[in-house]
Amino acid sequence: MKGIKIVTIGGGSSYTPELVEGLIKRYDELPVRELWMVDIPEGKEKLNIVGNLAKRMVKKAGVPIEIHLTLDRREALRGADFVTTQLRVGLLDARALDERIPLKYGVIGQETNGPGGLFKALRTIPVILDICKDMEELCPDAWLINFSNPAGMVTEAILRYSNIKKAVGLCNVPIGMRMGVAKLLDVSPDRVHIDFAGLNHMVFGLDVYLDGEKVTDRVIDLITSGEKSNVTMSKIVDLGWEPDFIKGLGVLPCPYHRYYFQTQKMLEEELAAAKEKGTRAEVVKKLEAELFELYKDPNLAVKPPQLEKRGGAYYSDAACNLINSIYNDKRDIQPVNVRNNGAIVGIPDDSAVEVNCVITKEGPVPISVGELPVAVNGLVQQIKSFERVACKAAVTGDYRTALVAMTINPLLPSDTIAKQILDEMLEAHKPYLPQFFQEAQFS
Amino acid sequence: MKGIKIVTIGGGSSYTPELVEGLIKRYDELPVRELWMVDIPEGKEKLNIVGNLAKRMVKKAGVPIEIHLTLDRREALRGADFVTTQLRVGLLDARALDERIPLKYGVIGQETNGPGGLFKALRTIPVILDICKDMEELCPDAWLINFSNPAGMVTEAILRYSNIKKAVGLCNVPIGMRMGVAKLLDVSPDRVHIDFAGLNHMVFGLDVYLDGEKVTDRVIDLITSGEKSNVTMSKIVDLGWEPDFIKGLGVLPCPYHRYYFQTQKMLEEELAAAKEKGTRAEVVKKLEAELFELYKDPNLAVKPPQLEKRGGAYYSDAACNLINSIYNDKRDIQPVNVRNNGAIVGIPDDSAVEVNCVITKEGPVPISVGELPVAVNGLVQQIKSFERVACKAAVTGDYRTALVAMTINPLLPSDTIAKQILDEMLEAHKPYLPQFFQEAQFS
Amino acid sequence: MKGIKIVTIGGGSSYTPELVEGLIKRYDELPVRELWMVDIPEGKEKLNIVGNLAKRMVKKAGVPIEIHLTLDRREALRGADFVTTQLRVGLLDARALDERIPLKYGVIGQETNGPGGLFKALRTIPVILDICKDMEELCPDAWLINFSNPAGMVTEAILRYSNIKKAVGLCNVPIGMRMGVAKLLDVSPDRVHIDFAGLNHMVFGLDVYLDGEKVTDRVIDLITSGEKSNVTMSKIVDLGWEPDFIKGLGVLPCPYHRYYFQTQKMLEEELAAAKEKGTRAEVVKKLEAELFELYKDPNLAVKPPQLEKRGGAYYSDAACNLINSIYNDKRDIQPVNVRNNGAIVGIPDDSAVEVNCVITKEGPVPISVGELPVAVNGLVQQIKSFERVACKAAVTGDYRTALVAMTINPLLPSDTIAKQILDEMLEAHKPYLPQFFQEAQFS
Amino acid sequence: MKGIKIVTIGGGSSYTPELVEGLIKRYDELPVRELWMVDIPEGKEKLNIVGNLAKRMVKKAGVPIEIHLTLDRREALRGADFVTTQLRVGLLDARALDERIPLKYGVIGQETNGPGGLFKALRTIPVILDICKDMEELCPDAWLINFSNPAGMVTEAILRYSNIKKAVGLCNVPIGMRMGVAKLLDVSPDRVHIDFAGLNHMVFGLDVYLDGEKVTDRVIDLITSGEKSNVTMSKIVDLGWEPDFIKGLGVLPCPYHRYYFQTQKMLEEELAAAKEKGTRAEVVKKLEAELFELYKDPNLAVKPPQLEKRGGAYYSDAACNLINSIYNDKRDIQPVNVRNNGAIVGIPDDSAVEVNCVITKEGPVPISVGELPVAVNGLVQQIKSFERVACKAAVTGDYRTALVAMTINPLLPSDTIAKQILDEMLEAHKPYLPQFFQEAQFS
């Protein structure tokens, strides 16, 4: 029987060793025959470094996974079973602009659902839709597992503007929350279950269970009892929560909710951090350089522990888990980004949501959520409106649509500032936004 | 045949002469026999001034409407056909606090959908629900026409927490927009029709028609062509709109949308105005004092033209129009606040919305809107979430619920500032918020 | 100013004199300049007879409406403002088969929502969609007013399978019910209002009003107090209703509901009638022959009173009313078939429903219904399922889809009988069903 | 640690040995300490027979489950963890009337969703709601697992008319379909998965999977390739399906669908069977008598194999499976009857549906279905309307509501016959329908 062919677009990413480790670990039930790592010419050096590490890893593990390194995406895609996308159009320099420019105007950049995320979407979505077209032709039965950010909008765009139905968006926020809660409760993560529902980077834990019993209130007490919530991510500063607010809300927020419920404090933190140590992109750039130095070591044949600090921890492991459950029809439950299909009442059926799903061979099937709690529904709807308008702007290259997306983002303080930020960012990212410049669509 | 009995609660309001004028004007088809003006002891003096003016007005007009002045609400309600509520719990002094306190924390007070509006709701809703209980007993067949602000939340609370089904919320924003558009187009208002949909003070003109033909784009061009939009209200400064934003949005915003789409500029304006000439409440207080001086003139027997500057223009006329259409089963179209009942897809059936309705003897029936445009849906949903949580806080007196309402309001910059404003406002409005203090529900 | 151009496809219909009368009557506010009557070669003789009567009518009335008779549909459509369709593919002979064949198997033919209606849809929808294509090209701004049966399915098909958005389906059932109720109450019809909601030939009067006051229970008492309901149509036998059933239902059924709530009795009636005097088609054929004899009379220059017995009374008048309200942006309320757009909760937004609408220059806008009463929702949903599958069969020519439509129709007693009737009817109507025969899609 | 207390109401049922066997089999992970078997005085003898068999079974198995037999329901309920209800108000004699009376009028009795089912609901729902009230008081944390028929309507009634939230309805139709499909495919049942969605006894297999791969078309080919479908139940005659109909439908029907898609043939079968060997109730009565003879054998200490022929095979095993998954938070997937909560679009959130659920310690959570296929939605909606009206009739005892339920049932041919059957059945079941007779609600 033929083994599995996996293609990783953006294969030169520093995350890739976690993916390789995940595949090695699961080899017995997930017999991968070929792993194709694809990158663009600008990423060739990194691809080689990571690729060689990957080769050493499979060799050391003694599993017969062939590692292929290539710049030819179409060659890689032919006959693939799973395609993972972890690309970053414009690399970390573009992300630095996403963060820096809004800050000049007193606005948080926020590389996923904020103005930075809007531009990440404008740059990324056309590339992903292009990959979808290639997949239609070259591997129409393959699954697309996207973990390029902004994962929510990318999934929304695939659902609305491509013909690829077998697509899932993946994020490490839910697994990070589960890990965090487990640590708070001082139990192993597999005893913790969370009813996730919302959007990507806008997901709530509607209820938390320990060994199947509801412990939501206990967890809320724990995250509001000190100066820090202790459920966060390395990249998002943990300012704690106003206890009565979270207790009134009655659900577990995700780390990214700080940008919306603590906007002013987060802005101050970001301004200070940008001054002191650079924006997150700038910090990550240093981290990555260090990682690649490690990866070059010809004696290294395992994922180095330093990778976990990178911020993307669990990402690739989550991807392996998902691929494994699809391949083996495991029917276990994982939180992913998929077509809503009625799971959350009030969100269009054909929009992307992040919810717990049963993972089957035919893909993830969402578990019904019903109505979101009233107090969180409004914000979720507002981000969904932003996401939908942003996707439309990414596909049409229409200036006014982009301005509407920018202005309705809850982080923006006015239409005029939105326009200023938009104009400066469009200019700054011009090389990656051909859809906005080809026909002089704006003045 | 018995004539109609109308009861006006808050009858001592400076708006009442417009109501009386409206009833006189329509006497032939709307034969009102008794108009009962009710007020509280603190308002007795004003009630007498306005009441006497009303008596002179009906006498001069030669219509047999009996004017009754009373402080006994229950006596007035017995056997009423229509009850209008135009009350202001805590009077203008409370409104001044609604506006002043948030400004201290760099937040717009906004007496309808902002933090000020939250407190207006907390003070007003229990009183209105009390009136509903009296109506159930004393005039179960009467119509309740509310134009106390925040009219949206008051209607939401009546729908969810009272047994009164025959209730309508009324606002002068839609009629003001129609007047404004007519002026811009230089035509008479009856030739202009607007498809209104949204929430109170959060209503959009989805399309605008002149003699039945769509002129939406033309109107959008007009409101974005200069420094001012020219569709506003006397109380809301007209900063103009970013043309590409409104053109991208493709719908007519209402004046209150400035608070959400131009938050920072509006805050600066309010801070400056507060310093210079006082908050809106303080300005209105002076205006009212002047009006009551006029009303005292025993030779005055008509509505004085100065009333139109008061800010509530068209309000009472809209109320007379509504009463007239209900009484005569006119089946004409008016924008009012009613149970959604499916009119706007995505808003709960049992929530209040502001939409065009066919006005029948059995009440207003909303015209289907379908889905709101994606770009505006998010903000509308967020305000609806705020409104619903605020109503719950008003009814339960629960501190955490009030904090959630405050924090999720889009004007608030963080959970911590929300708590500070909430705490100071609760203390300031203590005499009017028994539900929060009776059982020491918060620390 | 240019006058209005109306095109009537199926202009040789015996109904046309009512249309002409309606246009003459409204000439002052609806200045029609040209009325084009179009028919197919087989209908040429009738077209001439009716056309000449029409010419005599306008001449006598002294209005400058030009009557054009043509077999060239495309020439007629060019530049039209309103297109009415009142065609009958296969003429009355086809209808006779629609009624006769099912009866052989002990099943009611029912030429609208029954097996007969399915075949009428299969024959008619492709022709209407063809007209839509011509309209897109030749008169893209024109309104399509369809009153060809089955009007519900034809509207459904236009909404789902054509690009024409300005389309309305019209039926005389609601106006007939209003007339019937007015007669029962012994008042003039304009004092009666009915909240219509449902589907074509499956519409309910949810509430009935006299001068704006609910009289639903009184009307239900009247229609259930004797052996006949007295709210019916000339073509549907009036068997009365089981009083407790209708009182329990609490809404006014339409005459066609007898086919579903009194299936067995109606079948017996139809079998007896078919034996005695022929099916409805056969009766109508005689009536039509008599009418055309009358129409030939060169001295006749008005609509002859005998036309009212034809069964289609009020149809053309309803069409003129609708055209008039669209043209003059009357914003009055008329029951028509349109896109649901949320009006009836539980029916897809993009499906056709028959509901009260506000008639504007931009077309009919449905008034919100909310949820249908539980007891009627099921049957309405079942007919909607039937309609949607039938439309799909009409467009695809797929045999199995047609069999599903036939089998799920509530009049059919089993899948096997459905197949027998389907097969015999497909064969009988072969000349009018090219979509089923071109590529030998079934055995 | 305290073990589990299970209470079985209707414990004297012939099904109970399967339940006992199921509990013994799962003892290691589901440590039941007490099994209380409750019955009414009329069932005392059977209770003793079955109870003694149960005692012999646990003794032989060597598990420390205490068996308690009692006629005191309240004593049994106190402190229960799980309550199963498998009762039959009026016993098999009542069921015989449910089947016999409609047949006299040429109508299928159908003891679940037909006129027989209506009467079963009218008799059973008040008793179940009474048990719910006892549970609120005596074991508020217990789970109610109902498998009394009509399980769909009973669940609907619990959801709408009781305060018990922890309730699940169970049926053996889905597991029977899975077994049948496995046999057809000649594989073990655990390799087959079916996407179940619909209502109780009106459930469809939307897709069928073998080892996770879709085999829906293959299964449809198999069930339509011969004279029998081979997916049926012992009590429902297998007439095969019209192949093109099922292929057009594209989903797997359940055995009960024959009553709706093959009404006439099923009626003929039932009439013949009733004449020849008695109705199903009469056949079952004999089977039961034989079973109880077996049960009396003091040497019998296992579930006798003859029980499987009884028609309720897998029922009790399904119940044990469900209890086990709840107790152990298994998060596996089982098809049960629960609150829809958005799982099937178009069915009210608060209505009961039969869908695949993830079974957690907090109960079953439905997996999203989205919209049902158009062709089946109508029938499902119609049965849901019937169920809801029937529940209302059961609770109110209102004659007209009962008549509406009867008339809108798709098996009934007219309002008049509905009334005749209703009247005769009300009279026949009078002792079990106090709600209809206490206050002379009908004439």
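Each chain gets a letter, A, B, C and D, in the order it is written, and its residues are counted from 1.
One rule holds in what follows: a contact is a pair of C-beta atoms (placed from the backbone, for glycine too) under 8 Å apart; a residue touches a chain by one contact, two chains touch by 3 or more.
Just so it is clear, the structure is predicted and the values come from calculations on it, not from any experiment.
Participant: Give me the chains shared as neighbours by chain A and chain B.
Facilitator: none
Participant: Which whole number of Å gives the spacing of the CA centres of chain A and chain C?
Facilitator: Going by mean C-alpha positions, chain A sits 54 Å from chain C.
Participant: How far is the middle of chain A from the middle of chain D, if each middle is the mean of its Cα atoms, in Å?
Facilitator: Roughly 45 Å, centre to centre.
Participant: Report the complete set of touching chain pairs.
Facilitator: Listed by label, chains in contact pair as A-B, A-D, B-C, C-D.
Participant: Which residues of chain D touch chain C in the complex?
Facilitator: 241-242, 244-245, 247-249, 261-265, 346, 374-379, 381-386, 388-389, 398-401, 403-405, 407-408, 410, 413-419, 442
Participant: Under the stated contact criterion, what part of chain D meets chain A in this complex?
Facilitator: Residues 193, 207, 209, 211-214, 328-329, 331-333, 341-345, 349, 358, 360-362, 365-371.
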